[in-house]
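Quick one: structure below, then a few questions.
A, B, C and D label the chains in the order they appear, each numbered from 1.
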Amino acid sequence: MTTTATTGLTEERVLQLRADFPILAEQPAGVPLVYLDSGATSQQPRQVLEAEWAFRTRRNAAVHRGAHTLAALATDDYEVARDRIARFVGARPTEISWAMNATDALNTVALSLAAANRAAVVDPRLRIREGDEILVTEAEHHANLLPWQRLADETGATLRWVEVDDDGVWTADAALAAITERTRVVAVAHVSNVTGLIAPVEQLVAAAHEAGALVVLDACQSVPHRPVDLHGLGVDAAAFSGHKMLGPGGIGVLYLAEALGAALPPARVGGSMITTVTMTEHEFLPAPQRFEAGTQPVSAIVGLAAAVDYLEGVGMSAIEAHEVALGERLALGTASIDGVRLVGPRPGEERAGLASVIVDGVHAHDVGQLLDAVGIAARVGHHCAQPLHRRLGVAATTRASTYLTTTEAEVDRFLDALSGVRAYFGAGR
Amino acid sequence: MTTTATTGLTEERVLQLRADFPILAEQPAGVPLVYLDSGATSQQPRQVLEAEWAFRTRRNAAVHRGAHTLAALATDDYEVARDRIARFVGARPTEISWAMNATDALNTVALSLAAANRAAVVDPRLRIREGDEILVTEAEHHANLLPWQRLADETGATLRWVEVDDDGVWTADAALAAITERTRVVAVAHVSNVTGLIAPVEQLVAAAHEAGALVVLDACQSVPHRPVDLHGLGVDAAAFSGHKMLGPGGIGVLYLAEALGAALPPARVGGSMITTVTMTEHEFLPAPQRFEAGTQPVSAIVGLAAAVDYLEGVGMSAIEAHEVALGERLALGTASIDGVRLVGPRPGEERAGLASVIVDGVHAHDVGQLLDAVGIAARVGHHCAQPLHRRLGVAATTRASTYLTTTEAEVDRFLDALSGVRAYFGAGR
Amino acid sequence: MSDAPRDPLAGLYQELILEHARRREGEGAIEPFDAERFLRNPTCGDEIRLRVRLDGDAVDALGWEGQGCSISQASASVLAEQAPGLSVAEARERIEAMRALLRSRGGVEAEEALLGDAVAFAGVARFPMRVKCAMLAWVALEEALTELDAR
Amino acid sequence: MSDAPRDPLAGLYQELILEHARRREGEGAIEPFDAERFLRNPTCGDEIRLRVRLDGDAVDALGWEGQGCSISQASASVLAEQAPGLSVAEARERIEAMRALLRSRGGVEAEEALLGDAVAFAGVARFPMRVKCAMLAWVALEEALTELDAR
């Protein structure tokens, strides 16, 4: 078994980090908390809370267009945070704008493409017509599926998808074969939130760009957990959420590569994103302001920058190695329990630090309830991926997802509890 | 002069409240801060910060669809907060959904109406066609203007507006005369962020409903400052922002009256707002969930509920009386300074607790700079209302806006500093 | 509130519940039927399709198909066992008692006389997230009866 | 950083700036002209329309129209006073020096010899929000010269 000590995080280091997360000392179910639900939302270290508290009690004001000092200080913090977050994902600050969450960011891309295609003159790079294709996978999160269903509907394009196998896994070959000259958009999750599968982004980008298609990356499960270089990957757009990367809720990040950001009309319109407004007309500022209508979640952005500082302080490569080892431990462990079916890549194959399972004869909600009784917070349900679950033949799975604060002992407690589930419910009797 | 002591807040009470706001003790410009920019963004009391801190360090989790205790606790807090906020504005909890800010909420209404009108079968209540009219005023904030410009564009409807006079004021008569059978939407600010004018909402609603039009209320400057009963007013939709009412940034509130919420399609699509999703189709949950795609800003919502508690603890009627008195003091005071032109209602006429002025011969940015030098944080610029400023014949005005923590002495310091501006810049020499 | 029980699940999964979840009394689509309701709990995906046949003013037969957690399946099974023979008014009364029991958060003494085996669900009251699961079939019957009333 | 001066505005509104803001040297639309730029500072709404005419390699005349705060108007006035007679290379050098001065946050000693009266803007460097105001006309000239270079 891979040991996390060499390239990842030592147990000592993990315990040290855990001390920064007040909630990990809580006992919501009356027993020590084993938090294995970072895939849904992560917990926040003191440092993030303190950065926000400091901002709100010392420098809070409406940013930009303020002549007073407080507004200047707030604007400074705001733009420094943007720089910080941009650097974290290998982007230019002007390529980063804000959203309510990743879902909002993905909707913005799809809504903006729809608006671009309703315009009298359509930018040829953005053109989507009847007969064109939008490509997703069968494993997408609803946030990266529904906006494209709707865009296909509105433009008359066809939504196509890469199918998954019985384990919920799709292959690079199948995806590459599905990209044709008719493809206009390829929208895919970098890391699946259910299977932990890692998409071959570089290959997809090469093929998509060759075909003249845009690539939109749902980076919700990658940016928090491994080093991501958006320029290096070459995608045209990407979305991720602050609340999944130690940051606060209410802040999503939209990356639009310079060329796309310059071409796309905004989805939302209002104050702070215009140059001139008359009663009948309006003109927009360039990106990123163009995509930032109204007052932005400044304190959350400052908090997210602090989260990024924290993550980089630990080291994204170390976090990745730590979680990959835990993911493998989960895969191996769950696959060896009788009557438990592991979803996604097989043990030994590449996967992120999470695992979803099906317990034969026990509904996932009952599994989750029993886990909760021993303090384990895992997630049960369709994880916003109903088509994938339908393909797997179940309504719900049970998912354990790890982060930098997860210990091997916690994974083992999960595996141990999981082993007892079928007996408890008398499954297979 | 009206005294605030009888029906408003005593000076003692205001000083007591100020102690709850850590930032008011700061000296960003090196002198004590006189914060007269609550109209742009308000400051947050300890109680709001503490509520969020408690949530984030003890109960933070993804809400709904979680089987574990932490998720149940978070869901509880989330729905209790929704109830709290709904009650504050006289709405049912199912009529309240979340947005990034008020701008986003207003965009949602306009985008959803556009989507409804692209559907194969259009709900007659939502139908907007060529020849129909959307009515706004010349004084609207860009957030309540641009979305309607775009909706008019997309539907072929005509955007009409109620004109303002030389003071930036429009009359109920003019507005009522502008509502015809062709009117489909009336979108108006309850309180103007520049002039402090209070709209005759009940009259507009009666006339609009008579004509079969929807009324959308931009309540950004009313809900924070005076008692607002949305059911009592009878509007069909309303929007306001948490950051203007002692709450955190990143949370806007969208009110959709039950009938409209049931009829409107969502603007954003994704997780947590669906019943069934296949690769080709999706079905939505009823309101409010239908309008809440993806992870919502739960901590900010909890903070906003704490802000509402704080406001009600002080009493919205008392806050209103306090600010109305300060608004009158501002109006009287500014109107009596030589070379200073007060915008909006005349002294003695009804106005909210803010005032915008034009200083003859001195650009607003220079005014703001000089005020800042003596610690006064006022706002200068077009306040996201360019058409109004064009009508007033200036590019920018200087605005002082008050809140429950503002003292008479602060207003007087502002008036005093304003009196010296023209001399400092040698205007009129 | 803070007195966490040693086994927090004690009381939730009564043996009777697990047994009913396996037995699935009344599973199947009855024919003919007077009313049918399809209900779905969007939070967790539990589903039920419930059919009811009346004989005059009494429930003659009840059949259901569905999927979900053991709580939702067991409560459908218990309902199917109890409902036949009840008058419509009695059925409504029992549904109301079940609702009161589940919403009590432990505060209400279960009306054992009225609810019979269904008192096994008393433990669900301490798990608010599961109340909807336990009520699913019962609400389906309630809605079916309301539909029949309206005819 | 925390040493707040007693009059924080000292150094910002030099008498020379206020005087230029009133004088508005070079205001007006010159004819003929070789290049024109319209620039707007979206943050505060300051606007300038600047025209330049060359005589061989030298700036022959410069005229501007615009509106904005005293800083932006005065800096246009100072520029209009200084530019005529400079070679294009000298003009660019001076624009660069102005930028360095304004961005210095007080750290750079103003090159008085090079900037002349424009050193009066040294105080702006301590007010980052006003730097764009002071640079507006100068950036307009820079862009106009770049446009002419490209011809």
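As a working rule, contacts are C-beta pairs under 8 Å (C-beta built on N, C-alpha and C of every residue); 3 or more make two chains touch, one makes a residue touch a chain.
Note that the structure is predicted; figures quoted are calculated from it, not measured.
Of all chains in the assembly, those touching chain B and also chain C are A.
For chain A, the chain with the farthest CA centroid is D.
One finds 38 Å separating the Cα centroids of chain A and chain C.
One finds 79 Å separating the Cα centroids of chain C and chain D. Averaged C-alpha coordinates put the centre of chain A at 46 Å from the centre of chain D.
Annotation for chain A: residues touching 2 or more other chains are 29, 65-67, 71, 274, 276, 364-365, 369, 372, 380-381. In chain C, the positions touching at least two other chains are 44, 127. Considering their complex, residues 27, 29-31, 362-366, 369-370, 372-373, 380-382, 395-396, 424-426, 429 of chain B touch chain D.
Those residues of chain D that touch chain B in the shared complex are 4-5, 7-9, 12-13, 18, 21-22, 44-47, 67-71, 73, 127, 130, 133. Chain D makes touch with chain A in their complex at residues 40, 42-44, 127-129. Residue ranges on chain A touching chain D, taken from their complex, read 64-67, 71-72, 75-76, 274-276, 285, 289.
Chain contact summary for the complex, chain A toward chain B: residues 22-23, 26, 28-29, 33, 35, 37, 40-41, 43-44, 49, 53, 56-62, 65-71, 73, 98-104, 106-107, 111, 118, 138, 141-143, 145-147, 149-150, 154, 159, 161, 241, 243, 248-252, 267-272, 274, 276-282, 293-300, 364-365, 368-369, 371-372, 376-381, 384, 386-387, 390.
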